[in-house]
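Quick heads-up: structures coming right below.
In the two complexes below, chain A is the common chain; its partner is chain B in one and chain C in the other.
The block that comes next holds the complex of A and B.
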């Protein structure tokens, strides 16, 4: 019983880490660009494929492949900002959603054609190493997911709180017009935000690709959950996204472990809808939601 | 006016063509494609009501489609209810779920509504999949009966053939269109468009936002549920695989490509895309790549979709080739729209 409980906690932390990394980019892009990026799950998927290619085909060490995929996707993120988000920024909200949804369909189906729809396995040098602890064995890969996520969150926190770039990003989030008057180049900040968001999503893809499988549809499955995370944490709220990612990850894995895995997806969406009804500003949000 | 006249003539011609279509000796396969196209037209019109007119995008339309299908099919199978009673009950069930779900979520401004519809659509699909004692899970429901014959005294209508099903769906679509046309150009339709342009301004003008948004959502759920019941009565087999997020996205693509916020657009989009989906299976993989890109470019440069393209082509032709009869009947330049409007306050 205890062993299974710990096993599910570990699974929950792995899921939570994945959701955190994807949700951070999504919530930052919403906070700074005001765009709900439906194609964000596709960045996670492309990141996983990039990592798979670097690690399995080019036989690079896993950590190098991780960094490589993050750099590749950072470039993709910048392209996305330049080609998709910037033209859409002036459009009505409904059009932004449909536009990025179109890009998501485009990217997913391009991946299906390029990589085939069948899930691929992504073996790494950490997949078969186990750490025994209280009589349960945990693969190194799962621990790695959690630790790298913590490192990335710490780096992001440092960037946002203590660097000039982070200060400029926060200024753009609070008031884009005032930020522009202070001499901040909003387009540059948007580019950097998208690059960081895409790189974090890529890190999520490369880290969990070896645990689950890598397939072109993984982005679609993830994005629905990550939206739940972002709403639970309050749209645009970075800290809230981290906490709620782990809450949802643990809720999901404990439901799967102790009730039935049929209900693990339902529980996430139930929490989402319950939060929207009773606390629409999110569990950690203090920014007031416009209720009309 | 000339352009009005052309519009009525074209609409009449298209309806006439649709009415005689099965009599032209087309292959039964194409009749099947046409039935699916018309069913999707009802679905796209439903989505258009909440997204195109009211400006609230819903990804739950496939779920309402499924609720209509499952409720009417279960009533027909378990209670042996006639299709003619089960279909409206299925559609009403979808509308009721739409009201219950819309009441809390439609109050929120911003991206919350569309995200919650995504979650809701997944919940409904998982219910179809996992509530095995009722829905028979992934196996789906088989042996759904066709709609009962209707005796009109001198003739008996049967619906277990493709031709019968085609006319049933076509007549339903025409009835939906009549309702739609009257709704869109009524006080309610104006209220919905006002909400689309600016919610706060609409509220200040005295429009009850929650009421109208929930009304539009419930009606769009009703139309999707109705399409679901017709689908169940035609295909006679339903399973959770049909009512996925992918299907919701398909309906969205049809609406966007045809023309959001127009009446003809969703129908044009639904019929043409269903035809392409069914006949160009060779290009199945590339199809969605193209649709995805098209969705982005259309929303950016041509938000009125194919209908917008047609309108532009019409204006272009009218400017290049003015018909002689049009002279004198049109208003003189500078007077356009200046005529006093009677009756409307």
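The block that comes next holds the complex of A and C.
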């Protein structure tokens, strides 16, 4: 019983880490560019393929492949901003939805053509290493997911809270016109935000690719959950996204472990609907009232 | 110092400014008065690069700056303290001020500016670590002005700094505006409170539906029949 519980907690932390890394980019892009990026799951998917290629085909060490995939996807994120998001910024909301949804479909199908629709396995040097305690064995890969996610969150937190870039990002999120009056280059901040968001999604893909499987459809499956995470956390709220990612990840894996895995997806959306009814601003909505 | 020639701004089909001419000399306080929707805010937004003019020119210190990016305008020495304060609510007072100096190259050298801002507004020094969104309306206005000063501007654009403040605070804000001006900062001041504005300004312009209908020294405008009827409620 205890062992089962710990196992499910570990699984929940892995899921929570994945959701966090994807949700962070999604919520930052929404907060700063005002765009809901429906193609964000595909950045996660492309990140996994990039990591798979670097680690399995080029035989680079896993950590190097992880960093490499993050850099490749950061460039993709910047291209996406420049070619798609920037022209859409002034457009009506419907155009934005159609635009990013179109990119999502395009990227997924391109991946199906390039990599075939069949899931690929992504073995790494950590897949067959175990850490044992209390009679349970946890693969190093799972621990690595959680550990690296914590490191990335800490780095992002430092960037946003203490660096000049992070302050400029927050300014753009809180009041774009005033940010322009301070002399902040909003286009540059948008570009950087997309680069960071895409790199974090890529990290998620590379980290969990070896645990699950890598396939062109993986983004589609993840994004519904991640939207739930972002809405629970309050759209554009970075801290809220982190907490709700772990809440949902744990709820899901404990449900799967103690009731039935049939209910694990239902629990996410049950929580989402309950929150939308009772706290439509999200669990961690901003409490500061902007005075007029 | 600043010269607007035949400046026009359109929002879609709305012609908010229909070709206005204005001039501000170094060291002056010039006030823009006019009813709601007359085009006062739009004038400042066109100067600071937040909206692109449909026609006409903006010249600052002999250089044409029409249509330049807001960033370039700040760097050239114009700070805009916008209508409704527009502070960053979920950042601290200190961070708000720091962002005011975002384009400054001499960032290690901001002590003089902080000192000056805290001298004008001692309450901001006390509230340094507090989130700006939790300040009172008057404190937020002080922060907005302080933030604009952090860029060390030559020309300060103030859009209705007294809006919604208690009378004793209005008095105080006007006093500080005068003090800032005495330190050598040229000021363009928008006010609904025409009486007060004409009291501290050297010259004024009266805007009505996107056109300048009157201009002149402040003391003359104060005794102008039209101004007295329409804006001073006499």
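Going forward, the second predicted complex is superposed on the first by the 286 of 292 C-alpha atoms of A that agree within 3 Å, B and C clash if a C-alpha of one lies under 4 Å from a C-alpha of the other, contacts with A are read in each partner's own complex, and residues count from 1 in each chain.
Everything below uses one rule, namely that a contact is a pair of C-beta atoms (placed from the backbone, for glycine too) under 8 Å apart; a residue touches a chain by one contact, two chains touch by 3 or more.
Bear in mind that the values here come from a model prediction, so they are computed numbers and not experimental data.
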Item checked: chain B versus chain C as contact partner of A:167, first or second or both or neither -> second
Next item on the list: Quick one: name whichever of chain B and chain C touches more residues of chain A.
Entry: B
Checklist line | Contacts of A:185 with chain B and chain C, given as first, second, both or neither | finding: second
Margin query: According to the stated criteria, A:177 is in contact with first (chain B), second (chain C), both, or neither; which is it?
Written below: second
Next item on the list: Look at A:269 in the shared chain and tell me whether it touches chain B only, chain C only, both, or neither; answer first, second, both or neither.
Entry: first
Item checked: Which of chain B and chain C A:131 touches, first, second, both or neither -> neither
Note to self: With both complexes superposed on chain A, which partner does A:95 reach: first (chain B), second (chain C), both or neither?
What the structure shows: first
Margin query: Per the definitions at the top, what is the overlap between the chain A residues touching chain B and those touching chain C?
Written below: 289-292
Note to self: Taking the touch rule as given, give the residues of chain A at its contact with chain C in the complex, in rising order.
What the structure shows: 164, 167-168, 170-171, 174-175, 177-185, 286, 288-292
Notebook entry, point to check: Given the complex with chain B, which residues does chain A contribute to the contact?
Noted result: 30, 36, 84, 87-88, 91-95, 97-99, 101-110, 112-113, 220, 224, 227-228, 231, 235, 262-263, 265-266, 268-270, 272-273, 276-277, 280, 289-292
Item checked: List of chain C residues in touch with chain A within their complex -> 48-50, 69-71, 74-75, 79-80, 82, 84, 86-91, 95, 98-100, 102-103, 131, 133-137, 140, 147, 151, 164
Note to self: Applying the document's contact rule, which stretches of chain B touch chain A when the two form their complex?
What the structure shows: 51, 55-57, 101, 104-105, 107-112, 114-116, 118-120, 122-123, 126-127, 129-130, 199-200, 203, 209, 245, 249, 252-253, 256, 285-286, 288-289, 291-296, 299-300, 303
